[in-house]
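Next up: some structures, all given as structure tokens.
Here come two complexes built around subunit A, the first alongside subunit B, the second alongside subunit C.
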Partner chain A sequence: MSIEVEAAPPTATRTYRPAMGRGWWTRKSHYFWYMVREFTALPLALWLLWLLFEIQRAGRGASGYYPPSSTPFVIFSVICLLFALYHSFTFLSLAGVILHFKVLDKPVASRLIVLSQFGGWLVASIVIGAVLIGFGR
Partner chain B sequence: MAEKRITIRATRYDPEKDRAPRMQSYDIPFTDDAMVVLDALNYIKSHVDGSLSYRWSCRMGICGSCGMTVNGTPKLSCSAFLRDYWPRSVTVTPLNNFPIVRDLVVDMEDFMEKLKSIKPWIIRKEELPLGAGEHRQTMDQIDDFRQFSQCINCMLCYSACPVYGLDDKFLGPAAIALARRYNLDSRDQGTKERLPMIAHPDGIWECSFVGECSVVCPKGVDPAKAIQQTKLDTTMRFVLPYGNRE
Partner chain C sequence: MFAQGGVLAALLIPVHILVQGVLGPLGIVTVVDRHYDTWISILGNPIVKLYLLVLISLPFFHFAHRLRYLLVDLGIPAAKGLPVQVVFYGGAVLVTLVAVWVLLTTAPLSLG
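Let's turn to the complex of A and B:
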């Protein structure tokens, strides 16, 4: 005796798709610091735009160069500097994750890569600082 | 001495009755310090409410079936010990960023399609006959991809990824990590075949390196690393004159 079983047609299951709230980045400190890291680029970009504007004005000669020295602008610049340092710190720390290469068939340790990045940053800062001070004299 | 108890709050959703998920509390005995969240759910299903639905299988962090959000963090419920939460209550919700099918069960279809799309198998330009012998690998060659082969497809990384949460077209952490696993395999010659998926705007370039995928991975895989390294390699393939050499 054979039993014939008719296959039921597939039915669409109704699913519930939760929406991701706008405050998702406040749920965890990791998300929060990611947003801070990404946000730092915005004031930095504004500050760099201002710098380009100043350079363009300075091209007309010393008389055209009068950088703003108001207290709010100095505070904004200090905040931008802190953001730049934080952004650079996170970026260079990630170099150990991103860069991967071998020397003598052995992978270079992530820590060594990160240290070399920070070393390069320090050297570049000293060189640029020396050049700026040298030109300023 | 009074029996130690713990409150489990679980998401309930019946697609035939509920318009939206709701929470239900269960007060259960916490008899053994070795109890995990999955044990608590099994207790509820066996003794309190047989209608509670959730996925599980191996109970030992191997199969990747029992991923859920435990007190806001994506975890394998078989590896989340109640002692780490007690005396606070434990809130168990489905994995974030996935459609809910019922209670704690999510729809895995999108993840499975993405996994398949990156061709997670060894691709050879020309298959050698069996008589030619096996493809040999040194331990160093295995070490190149070993970490990325530990993935158990538990989807915790997708649940933790806000990029995927905001745009589910993103290929996602596990799929890209698996693609990298095969691209790094010395036996594989399929990098070019995987490139259209990986280098697609919805692939690696969609990732903005939140990094939470690597934090929640229960097997120590680092999908964020896989994605960033693939970005670098893909760029090198494009920039360097010998980049497309296979």
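Let's turn to the complex of A and C:
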């Protein structure tokens, strides 16, 4: 007695595609803040474009130049500032994960690396702020 | 350029927004861009021109990358395609070229 086993025809390999709705980032606050972090690029880009426009306007001469002082502009800047601070905080905090240094063959603690990044931010802010304010009248 | 742009944006942009966008317009401090004379004078300095080019240009490569992946994360498959890449990274290149043109044509070079 013999048993004949029919070989199954080869099936094509299928790629598993996890179904994820477009609103996945609203399910957890952690996901939401991740998306906010990515979104910070938009207001910062808009503010830099305004700065470029401001530089270009200076080329029109003294009669065509007037610095912006309107309330909508200040509100726009405050909103951009909040996003900018969030970008700075999240980006510089990641330095401890990304950067690895050794001093005398001993790894530098990630907390120290993050602290140095925030220290650099403070120094840069003071220097740039001093130039922007110091050259004003 | 993604990382460099991100670092520059993190270190430099907040103070510019705070001083030029909030404190200056509210009249709390005197700022260099509040008067034409001081603004055009500092814009003529080659070091300032180079600084402003780096400040404006590099973060845009970071922004282009982040915004493209924001679209990917929002479930827009076209954001992975070449046309969208050309739009976003090409946009960063375009902003760089415009910044070079603006900085070279706005104020004459001056070391004073």
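Simple rule for what comes next: the second predicted complex is superposed on the first by the 114 of 137 C-alpha atoms of A that agree within 3 Å, B and C clash if a C-alpha of one lies under 4 Å from a C-alpha of the other, contacts with A are read in each partner's own complex, and residues count from 1 in each chain.
Note that a residue touches a chain if its C-beta (ideal position, glycine included) is under 8 Å from a C-beta of that chain, and two chains touch if they have at least 3 such contacts.
The model shown is predicted, which means the values in this text are computed figures rather than measured ones.
In the superposed model, A:Leu99 lies in contact with subunit B only, and not with subunit C. Contact with subunit B, but none with subunit C, is seen for A:Tyr16 once the two complexes are overlaid on the shared chain.
Once the two complexes are overlaid on the shared chain, A:Glu38 sits against subunit B and subunit C alike.
Applying the stated contact rule after C-alpha superposition, one finds that A:Arg111 touches neither subunit B nor subunit C. With both structures placed on the common chain, the touch criterion links A:Phe73 to subunit C but leaves subunit B unconnected.
In the superposition on chain A, A:Glu54 contacts subunit C only, with no contact to subunit B. Of the two partners, subunit B and subunit C, it is C that touches more residues of subunit A. Contact with subunit B, but none with subunit C, is seen for A:Arg27 once the two complexes are overlaid on the shared chain. Across the two superposed structures, the residue set of subunit A contacted by subunit B and also by subunit C is 20, 25, 38. By the touch rule above, subunit C contacts subunit A in their complex via residues 6-7, 9-22, 24-27, 29-43, 52, 55-56, 59-60, 62-63, 66-67, 69-70, 73-75, 95, 98-99, 102-103, 105-107. Listed in rising order, the residues of subunit B touching subunit A in the complex are 13, 15-16, 18, 20-21, 72-73, 96-97, 99-101, 107, 140, 162, 165-166, 208-212, 215, 222, 224-225, 228-229, 231-232. Taken in their complex, subunit A has these residues touching subunit B: 13-18, 20, 24-25, 27-28, 30-31, 34, 38, 94, 97-100, 105. In the complex of the two chains, the subunit A residues touching subunit C come out as 20-22, 25, 35, 38-42, 44-45, 47-49, 51-52, 54-56, 58-59, 61-62, 65, 67-70, 73-74, 76-78, 80-81, 84-85, 87-88, 91-92, 120-121, 124-125, 128-129, 131-133, 135-137.
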